[in-house]
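In the two complexes that follow, chain A is the common piece, with chain B as its partner first and chain C second.
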Partner chain A sequence: MFSQCADPKALEGLNWLMCYLSSGKHLLFYASFGTVLLLLAITAPIALLFGFGGAMASRSRVAPLRWFGKIYTAMVRGVPDIVFFLFVPIALDQGIEWTRNWVLCDDPVSPWQGNEFLVCQAAKMPLSSSPQWVHEAYGFGLAVIAFAIVFGAFAANVLYGAMQAVPRAQLETAEAYGMSQRQVNRRVLIPQMWTYAIPGLSNLWMILIKATPLLFLLGIEDIVYWARDLGGAKTQTFSYPHPDWRLYYFLGILVFYLLMTWLSEKVIARLTRRLSAGQATMAGEALRKGAA
Partner chain B sequence: MTCAETFYAYALRSLGIGERLLPRSDFDLCQQFVLIGSGLIWNIYFAACALLIGFFLATGLALAKASGNAWLRKPAQGFIFLFRGSPLFIQFFLAYEALVLLPRAGIELFGLTVATSWLTKAWAGALIVLILNTAAYSAQIFHGALMSVPKGDLEAADAYGLTGWARFRRVVWPTMLRLAWPSYTNEAIFLFHATTLVYFSGFPAFQQRGDALYYANYFADKTFNPFVAYPIVAGYFILCTLVLIGLFGVANRRLNRHIPGAVKKLRYRPQLVR
Partner chain C sequence: MKKLVLSAAALALTAGMGLADTVRLGTEGAYPPFNFINDNGEVDGYERELGDELCKRAGLECTWVTNDWDSIIPNLVSGNYDTILAGMSITPEREEVIAFSQNYTPPADSAYVALSADADIENGVVAAQTGTIQAGHVAETGATLLEFATGDETIAAVKNGEADAVFADKDFLAPSVAESGGELTFVADPVALGGGIGIGMRQSDTELKAKFDEAIQSMKDDGSINEMIKKWFGEDAKVFE
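Showing the complex of A and B:
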């Protein structure tokens, strides 16, 4: 990156460190922190949407929809989330290729042949001719869906509980005013449930932050991948030889996560304070008395 | 191979007993059920040991966090923040890399050589991480419960002349556990689920002796079919989770036995993940 870094072997001390930390691979390492933040930014709203759908489905009057909602919200209770992270991307990938196999191939046969999963060239997803970034984006997209499904189920638990916590009398009053079911939901239930949902949702946000290193298991080149790659011992054939430094790289990642959770805690505390203002709850009452 | 033969060959494979080679072709359902079930031994081992040891450590930490002495309180707070604020996955990696750096030959201590190589094995190294992790999460739960022990209970203990250890043992501790138990059940379930991370996070599966998810992943990779192995491991975990809830329910009833009508069915709401 810098001109003096052209010959790394001749460098000493601080100069060496500066050149080492600004090498091409290190820039990719720093960019992968962005990948983590991107995953958080994309997954959180989608998971909230899934959770909302799940919670509404489990309250539905249509029995099959209600069963679906109940099963979706219950599935994360008994099964470790890592199982879903391993299962969902590969299952989705095979599902997409399986469908494309029947639609796009000339003479389609079942793709499961012995211990292989084979589809014709035209059905590959993404196509083997597509550029590298498409492959990476596709992998990342599958990861996002896996995260959204798992955290959607957690969010559905939280939102379902919050909807149940809205006082029944409120909904009955709305019905007595002649509102339809949809109007009751939109005008009374949903605006009121957020107060009850905030503690659970903020907890979920912390959980989501701490689940992001699992991206590594999904084959994404994230911070864990680069920490292992860069930290491993490098022999003299490399430009920057060094012993096994993985411990220091992981310490750096640990500090990153501690900062993230610490910062989130501060923001959530302020948010809770603002949302409690004017509420007929203990926190709201304490705020009112504090101001007076 | 009949299913009985498969069972004989692979039921204890995760402990290194039985057939040495894992199945490589002609995978059948029986093999998958037996091997994944065999791996479950490790999940149960990790969860049981971590919960048992972590429980006592967590009680100590909760007391330290509630202590008036800053020399006790600050380290406890720091410990809890460190382990609750960072992902378990990273903690495993970090612990493994740190333990690998210990001298191979052992450490000289008072003329004795303390062997260190066993610490890099999953059964010890990962267990230590799990113990510390669950201790931090449980300590936070216990601390919350400790803070909500009713004042009247403490005054009653004072009136009876109970002090120090007797007061803690007979009044504070049982009440704290009673209040913390529903949340602690959640924590136990999540710790059990978190044991599946061990063999995906640096700790090598020596001679392919892994846990349930390790074998499920092995089968899914070999057969290119995730729709058999992963549902099997999911089924095993649902069963174990139900057993765990049952066991904690028994303890819950015992803790609440003096309060008429207080024994509610433990409601399991997933709250914590590492």
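Showing the complex of A and C:
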């Protein structure tokens, strides 16, 4: 990156460290922090959406929809996360290629042949000729879906409980004013449930942050992947030989996660306060008295 | 604007042209000097240089992909990439699942490395990478096998005393031993395992296998493969006769 780094083996001390920390591989490591943040930024809203859908379905008056909601939350919550993370991306990938196989191949045959899963070149997803970033984005997308399904189920349960926690009197009053079921939901139930949902959701958010290293399990080059690779002992084959430094790299990651969760707690505390305002809960009551 | 449309069309065309020919070469990227991620973040090593040369000779367009060692065969057969060049020895067990090209290194030695020459490799704890022929070999001896996901971790386990010795390809261990300043040492005699390293491919990819076999043969014939082996593994490395 810098001109003085052209011959790393001749460098010493601080110069060596500076060049080492700005090597191409380290830049990829720094970028992978972005991957983790991106995963959080995309997954959290999608999981919340899944959760909302699941909770609404569980409360539905239409029986099949209600069954769907219940089965979704019960099934996903009952399977170990890691099993799901391993299962969903492979199942989705093969499902997509299987479908494309029947649509796009000239004379399609079943892709399961012996121990191989074979589809024609045109049905590959992504295509073999696609640039590497497309493959990476595709893998990342599958990971996001897996995360969203798992965390969506937990969020569904939290939101379902929160909806049940809204005092029945509130809803009855709304009905007495002649509101339809949809109006009750939109104007009374949903605005009020958040204060009951926030402890559960904040828990989920913390767990989601801490679950991001599972990306590594899915073969995505996240911070854990790079920390392990960069930290391993390097011989003279490499430009920057060094002994086993995994401890320092993992320490760096540890600090990153602590910072993330510490920051989250601050934000959640503020959010809880805001949502409690005007609520018929103890926190809401305390706020009201404090203001008076 | 017109220019933009034109260049977009050109791009779409060229993207379509490469369609059938791109071969995705899978590797581990954590087994220097066979294959590793260099400091620029690119795949490097003996297999990188060899693979690029083979693709050139076979007239193939190739790209490199990395994958964890323990899932490298399952992801090959499910089509994530088309070949494995990852220091994988040809063994009858693996040949039941995937096909191999002819070998691109001669059958090489595996060796024990420990902190002292009198380490107990017969009954002690021996580290090896999961799913390697070396791990299989240790399991057959009286020693307790301690498996790790990467080769690097097996050496680290010996250095921090978790294992009495590590058992791996001699060519992989040699640089670490040479640079350890006397801390690490080879123990006992090397063991010859496997039938050399070959390119792993799906059994149905017979056409690709023929192309790579031919390219490897041509490199053996003109001696360029031996030069490459010496370049990466040192003058003492085993070469093809």
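We adopt the following convention: the second predicted complex is superposed on the first by the 285 of 292 C-alpha atoms of A that agree within 3 Å, B and C clash if a C-alpha of one lies under 4 Å from a C-alpha of the other, contacts with A are read in each partner's own complex, and residues count from 1 in each chain.
The rule is simple: contacts are C-beta pairs under 8 Å (C-beta built on N, C-alpha and C of every residue); 3 or more make two chains touch, one makes a residue touch a chain.
These numbers come from a predicted model, not from an experiment.
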| item | value |
| --- | --- |
| First, second, both or neither for A:Gly161, with chain B first and chain C second | first |
| Partner chain(s) touched by A:Ile253 [first = chain B, second = chain C, both, neither] | first |
| Contacts of A:Phe117 with chain B and chain C, given as first, second, both or neither | both |
| Partner chain(s) touched by A:Gln236 [first = chain B, second = chain C, both, neither] | second |
| Which superposed partner A:Trp194 touches (first chain B, second chain C, both, neither) | neither |
| Contacts of A:Thr261 with chain B and chain C, given as first, second, both or neither | first |
| First (chain B), second (chain C), both or neither touched by A:Gln94 | both |
| Which of chain B and chain C A:Leu28 touches, first, second, both or neither | second |
| Chain C-contacting residues of chain A that also contact chain B | 90, 94, 115-117, 228, 244, 246 |
| Contact set on chain A toward chain B in their complex | 76-83, 86-87, 90-91, 94, 112, 115-117, 154, 157, 161, 200, 203, 207, 209-214, 216-217, 224, 227-228, 231, 244, 246-247, 250-251, 253-254, 257-258, 261-262 |
| List of chain A residues in touch with chain C within their complex | 8, 23-25, 27-28, 90, 94, 97, 113-119, 121-122, 124, 127-129, 132, 135, 219, 228-229, 232-233, 235-241, 244, 246 |
| Chain B - residues contacting chain A, complex | 25, 27, 81-82, 84-91, 93-94, 97-98, 100-101, 189, 193-194, 196-197, 200, 213, 216-217, 220, 222-227, 230, 233-234, 237-238, 241-242, 268-274 |
| Complex contacts: residues of chain C adjacent to chain A | 15, 18-24, 29-30, 32-33, 36-42, 45, 63, 65, 67-68, 71, 75, 77-79, 82, 97, 150, 152-153, 155-156, 159, 175-176, 179, 202-204 |
